[in-house]
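Working notes, structure below.
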């Protein structure tokens, strides 16, 4: 859906109402549930509720994985899930019903099939199924999968982020720069890992006994996380590790700078487009 | 108080004296104790003393929590606190007395009530009470609360930071950008935590036995702090953790860039306003 | 080879074919194997294959150092290496054959000698030798060296990175700034190491018993890696370490900023040159 | 000495010789030993030698603190030090002799006293004394102090860094911004330390039993070093620590940004001044 930039807004924020009184019920519902149907930054009241329910249901799914909480508040979690599932089901039906307003140049049936088979449409359905299916299945392994799947509900929020589209295109333009800096970082990692495999592979076989093992140390050092579960012990190893750590802060910082610039560009473009939409005749 | 940008300065720095000789005693006192009564960067002599007393009293309150120091220098800490408390009490009375000059369009009584019920006015009173009440109460639990409360005195310094107002408004303008980057960082954290709950939840139940537990690992890894109290041990876990650490340095750096730009904007605006105030006729 | 910016492209991307039909077979081969023979960003189909084979052969060499994988997939690794080695040998012969097109102002023999004695030409030969020689030698020590040498194949990728040249010159221009910030960082490291040698040298002789030993701590702290294998234990040591850590984040960040700016400059210049090449008559 | 920007160069780089043939011997020596006597970036041959001797002597002093190296190469270290000391003594005498050329508007005696009592002049003398005095004193404690003092020789290099002056003035201009961000970072540190003293002071008295102790944890966490020697263990402590770590990456990054901008400004000004010096008539 994110690929349709020029959807004509049906809801006029400046008049705090629909753009025209001659709208059908479906169009009025559509104006409230589709984020692209409004011409200003921000969400409709209905979509604010959707965001809150998604966040609440995800939080419940997260907390439920903690055995102590699951035992103590099992009933509450159950009702929170059933309520959220019902809400999502109603929302899904409404989105399916109003799909023809989102794709005005299609027949109603084709528009609904297009929504139902879109990634976000399939995700919506999957989450509803994952919430209600534990009532049918009782195997622990399946329940475990279903439980984690419910956290996917958070991905539904991407529907509301029109900014995402601009970000992705801004990152895409700089993909070549990013690739080069990532290539440098990769070379440095491999250089560090190979050096320590060479220097300490026989002293600390668990940590540096092979290059793939030494790469764990290299990644954790170059990102400056530094757990300390593995670190060199010989003077030569420490010298190489120190040089890698020093070189790393510079090399790892480069992709950050590129991404930050891409993000700033993406947000800027988004603001300009929003402005040009809200001043159509200027 | 920070919401009154256009208070007319009573003290003229260029003449190193009050703007007019026809000032009452209260106005002269006010010109020395209210940071907004001066038209240049920097603090009056009286307020410099206030800052030093606040810093000294807070340092004493901090050091006093160390049992060894509390035993050795108990008497000194006691006298430092009593002196600071007396100073704060006198300062509070002066601010209450001169409140009508801060709110010139109110009656004297209303202005004083407004100051006494403002957040900073209440904080001033609370700190004075917390310093003198240990003489009355003797229960350990209450004393402990009072002791920490005295460190709040540091928050009194915000009174002198006119820059704060500009910073808050600059951050507010970019709140949408910040929210999006924080949302990305949150997604990444949750992704990492869920993955390691999935991969190592049964091997290291203390560290990754539930998503809330795994989130501690995810936060400490994505911020690149990396205590090393919990870290993955399986090859799969290490692969996911390495990818999360790499992605994290980029994603966590984005809010930093936005905040830095907001800070720079805020300082710029502050300088421009200070300049336009000191050149009123240009 | 990177020192020849103005090589005339033989392959015209816009026509998806050679610039002229009157090319010899050698020129046509050259247009496919030499990255400098094309006037647009990106690689020819043949060179994309080369990149994939290099990455695959390196990955195999890396994984092979893990004993478990070497035992389980020994035969597969053997065949991957033989295939990659054969491919590299054919590629080497082709590059040697077409060298006269790369250096059009030399005789064919001199051009081939120049290629064979260039760093990248020697590297190509070295890698081919390191792949096939294990069939002759059987001593473990030599095999170990040969195995690591095969990872050098990755360095062959630098042939395709025309961007590298611009980066190096951009860094070179700022070498003076970089040197000064590195000097500051070095001073700070030495100051931290000397302080902790002084303060904790006798308490923790293994960690701080000499300045070279304390430098390991200083590097790992200033880069914010912080393994935690050595850290101060006395209040004085912690005070100095805290001050060094705080000062360090600022000082270590400076070279990062300079490098990021140099990288951005280098990429910019590269883009401009590519643009001026593809619009020769504008 | 750094406070004299407009010293007239005596040595003309473009002519690769003195600006005039009518120079006295002292002026010719001065043109070689005083970094400010040249109108281009870079050092004279004599000063390059000085830098190398300083670096060599410091390296020897550092390595000598390692007992194993001191035993094995004691004689070599001894001769390196004596040679460096002799070189420094000759250099000191030359600088003293040519001081009148550095301060041309003073009498010769006053200029030499000014040099001898300047910080760098005193440092030069101190280092020479620290190198030769071990021949007189034999107490271990004094020798230890003298050994560390020799590392101070590195500070002699600041003489050659004309860039330092510009950097200091650029930082000075932004001191107010820096102070505010450092104030924020300080608040955050104190907030974290107080919270964990409150939450885990009784569970981990060694780590969080007082606010000064908890500040060690706060500094190491906010700088993202994260040794892991102390970290929270309760869910509440972990929640506060996670929030502090997240807030910290933003707040600690602000001074970095300001310093980077100040550094960039300082280097820019330096380049402009060098340019205007080398093009005096343009």
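Points worth noting:
The letters A, B, C and D name the chains in turn, as written, and every chain counts its residues from 1.
By definition in this document, contacts are C-beta pairs under 8 Å (C-beta built on N, C-alpha and C of every residue); 3 or more make two chains touch, one makes a residue touch a chain.
Molecules present, by chain and UniProt name: A, B, C, D = Ion transporter.
Since we're looking at a predicted model, the values are computed, not measured.
For the pair subunit C and subunit D, the fraction of shared interface numbers is less than half, so the two copies use mostly different residues to meet.
Taking B-C and A-C together, the chain pair joined by more C-beta contacts is A-C. For subunit B, the chain with the farthest CA centroid is C. If you lay the C-alpha trace of subunit B over that of subunit D, the rotation comes to 90 degrees, to the nearest 5. Repeated interface: A-B and one of A-D, B-C or B-D share more than half of their contact pairs by residue number, and that pair is B-D. Each chain gets a centre from the mean of its Cα atoms; for subunit A and subunit C, those two points are 33 Å apart.
Subunit B and subunit C have Cα centroids lying 47 Å from one another. For subunit D, the set of residues that touch two or more other chains comprises 212, 215, 224-228.
Taken together, the subunit B residues at the contact with subunit D in this complex read 41, 62-63, 65-67, 69, 148, 151, 154, 157, 161, 163, 212, 215-216, 219-220, 223-229, 252, 255-256, 259-260, 263-264, 267.
Across the complex, subunit B is touched by residues 224-228 of subunit C. Those residues of subunit B that touch subunit A in the complex are listed here as 176-177, 180-181, 183, 187, 190, 194, 197-198, 209-213, 215, 221, 224-228, 231, 235, 238, 242, 245-246, 248-250, 253-254, 257, 261.
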